[in-house]
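As written, the chains take the letters A, B, C and D, and residue 1 is the first residue of each chain.
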């Protein structure tokens, strides 16, 4: 019999928290002891996330945790996470941080891409990058897991087999599409339903903060200092992410190394047709289609995830399961709602 | 040869102004001399409505009109319209008011439904209700036209033949669906794309301000003091409105009186199948399907419009054409984009 | 420890089967022994329902069951279900029929609304209407459950408290909106994405086969022969159903009787605001908002469900749990995906 | 005073025909003398395209033209267009062919990409590629215009300034997103509303027939035999196309050459922010955003059009205007519906 894990969610009002709760509510060994929110403290969960009324409606959001807990999920702004993590670690808590505050080991990226100097850079080496298919063993022993960004999750899973096999490649271009939930829950003009519907547009074309994150992890994995060209595009879906990676290479036998790399991985599947994002909605699944274009000597790898599933909260639950010694897939939805 | 009409748009940054401009830019006898906005004064049109960049991009929004004009379109909050109208009339301007400030003759409705005492109630009788199929001749001579609400436009066109023919009916229930643009351009949580997509909900179920508007016009047309039961519902489309009207009546020959009433009307069509809102998108068209349910002695009349077309701005242009003596349909889009 | 229930799904390629499988795959006491399909026999599940590839991809669809089973779910055309049910019952199988073949006790409704004479009308009395909140005890002992239609589920749950309390009412009007999945998986012109997007329309306005179903169940519950006026409307969502019921009545204390009727029901919640369909997506939940309009002496009851959840497949699993003696909510998703 | 041009539309039931008609109905010098359709001959236009009921509802589709005409628009399958064009030319008709039958000068592309041997390859040199910003003068004198594909339109407009200025570049990658209408009007499983909604997927990843079209035009313009890497992706919008072009180059002053190239072009605008497809919906506009990524020596050019506007039918009207000597933009919608 497993021991119950007490968890506290900080920033319990947005989309990543909502998706976390969907999985945690059904988890047999998890007790949700705290739902912390500064902005909506004192409100009931059912006022802020009314779809949770049947499960958690009467629970109240509090400005600070009111009960003890073993592990915290941080669904906070980057700078708030950066400040809170050392405090939690010093109290012996385990932390899964869904912000970007501890994802990049190179501290110099923070002022440029996050707008602040990193005040706790000594912890950057201690933070484990929470992509279990790449760093499973480190995650099991970690007390601080930096849960990956959505674009990096889809993209790194698409690139990893090339790195693992030491394939020679260069000129990496990543063109990735995201549903609107990736931009968070706060209403904005361009995401107002009448304006986002029937609309498609690229953003952060000059530079996006997930670029250094991807480059940093690639460096950790392979020692290569690659410059990625990355263009994110938003399309009118609530969820879903499709990342297409183009690399110049002479290596053609992609399918074999992709099958080998992810053999036995329950959440990654190599498809022999281009994946639909709909196959992953509400799950922690990633579907990858690798193909080789002879005419241009280009490997084209297409990777589909749910940006809030494998791209955020369900991957965070996967990390929690590993950190707590639970079965890795416990309570993580595996079958997408269809249609 | 027609004389050019100089027009000024107050509140030139929202959806109704945008749709007005789409028609007015192509109008052969209209010159747009003013684009007034308090909140965004000093900005270029292309910053606020970038889709207009090719046509009006370099034009600047001003806090007050900088050139003379003959007719003003008011796309303002109700209370701002209420205050501005007498000032414009006193300067000899014609006004088409797209707010609700002058739609209801009974001044007592304003505190309850609009939240203010009507400070210029003496003008309520002077304001002509801008539904040309019902009040065409009065509109031609008007200097103040209260452009109807979207729900009242769809619903009154659906009920009018019964009133005109003096049909005996009662128990009026109006169940009407609207696209999200009807709620305006300001972002809100429930209209944030990820939350509005795959969502349907009723609102203002207790009372909606279009209820007294519909009852007031029915009274003007027929002398009947009806109590309408009205339920508005929002569905995930940018535009489109479908109003279904249920009335108890023994009169069954609906199709004939509907055909007769709207014979010769270019913007109203009686369909022999239930209309699709898509048939009306971007146009000033209204399609009506009247049917009779013998089992329940109920006339069921379904009416489709574009809430920003016939339901707001294109009807405002129709009113302007009538007021200025132009051909009634001039420069009003007649063929919907499909698909 | 529960005994495993072997189940077979007939018609295992459409939306109701897909949603059934989502719940059954995770059910601790269910073994899916058969996936039957005439039209796609011989294909792998992953060819027909590729989102199920991780869970069932290698399983093959067969023209007939190849293994024994205890209970069959029929996701078949109405006439096919009508024919198959007696054969299955004669072999001692339990049946949950998701078609309309056994929902109406009055056999005369079939030629008019389903296009065939009912060849096994003797079974109509034996079939239990599978709405557990109304017929729980009968379902527990049933071998044939007629799983309700989506519109009747939402509507009957909205009307039932009035019937149960013997409230005097008449003039029932039901105006209900449905997502497109309610029309099935087969592509049609009006449901082609470019035509359904930004579109709203009523259909089957003259008569819909769910009208006699609702009237029949109301008669069973209350002995009243009501004529319902019912208008179904399709809106551009994949899922979701919002039924609004209008009845004339002098009884005003709606909230109290609704709270009482559904006290202790885990899948029905009485809301004090109009429900959003998004609160129910992917779940078996029904949220009801009852309100009274004094001006028109009308009770207005709004009911939200997922048409494939409580409106079809998850209710079918609820019925199966009752028939098999399992805990009623076992393996039924309770927390909606949000957003 | 212009002389009236009589036009006939072959294949008058699909999306490109519908969009053609939207512009042609309002054209002051065009008379639509024929609406030809084999599959629906004998039906009224209002049965097949009910949104055209107010304008053309009583017109009948015929199996062959019943009146004489000057110019034909072909909205036919590729092979049907291939066969019909020589017959029309021999009768002295002008032709705008919206299929791909005459777009590529290299006849060898047809068996591979269109599935047939080109039976009239002698006409391939005579056909002018109907992209007016590139081939305006040839179009004016043409009797056969091959109207470009949607992806090539967006992409060639994005690449053309580099070719025109003789910029040195290579490694061209085109990643382009399209709304569903690009796949035509015929319903398909993957475009059934419930499956396409909340879905994103790449298709024709190995090879798409627009690849040789783009390569062929680039060769004509510059003499360069480039191999393009092209990935098309479908996203859940009815319309809209966003093409992103990546090329390796040392040339950085992109904005200047883009401004120069398209100076005076009314339908192409160089934006200083990434374009939204919504800015172009229902219009013939193309908005291009060129930017240079120093870190990867990559020019990134993003181009937005409406796939049925500039990408098909409105460009066809632009071509017709040029061929007939009318003002180039006559009757072409310039202001998008917003929202």
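As a convention for this text, a residue touches a chain if its C-beta (ideal position, glycine included) is under 8 Å from a C-beta of that chain, and two chains touch if they have at least 3 such contacts.
All of these numbers come straight from a predicted model, not from anything done at the bench.
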item: Farthest chain (mean CA position) relative to chain A; value: B
item: Pair with more cross-chain C-beta pairs in contact, given A-C and A-B; value: A-C
item: Option in A-B, B-D or A-D whose residue-number contact pairs overlap C-D by over half; value: A-B
item: Chain centre separation (chain A, chain C; CA means) in Å; value: 36
item: Chain B and chain C, separation of their C-alpha mean positions in angstrom; value: 39
item: Between chain B and chain A, distance of the C-alpha-averaged centres to the nearest whole Å; value: 46
item: Of all residues in chain C, the ones touching two or more other chains; value: 15, 179, 181, 194-195, 197-198, 236-239, 276, 278, 281, 339
item: Residue numbers on chain C that touch chain D, as the complex places them; value: 15, 179-181, 185-189, 191-198, 236-239
item: Touching residues (chain side chain B, partner chain C) in the complex; value: 171, 173, 175, 177, 179, 190, 194-195, 197-203, 205-206, 227-229, 231, 233, 235-240, 242, 244, 246, 248, 274-278, 281, 289, 291, 293, 295-296, 298, 300, 302, 304, 339
item: Chain D contact footprint on chain B (complex, rising order); value: 15, 18-19, 21-22, 25-26, 49-55, 181, 197-198, 238-239, 266, 269, 271, 276, 278-279, 281-282, 285, 334-339
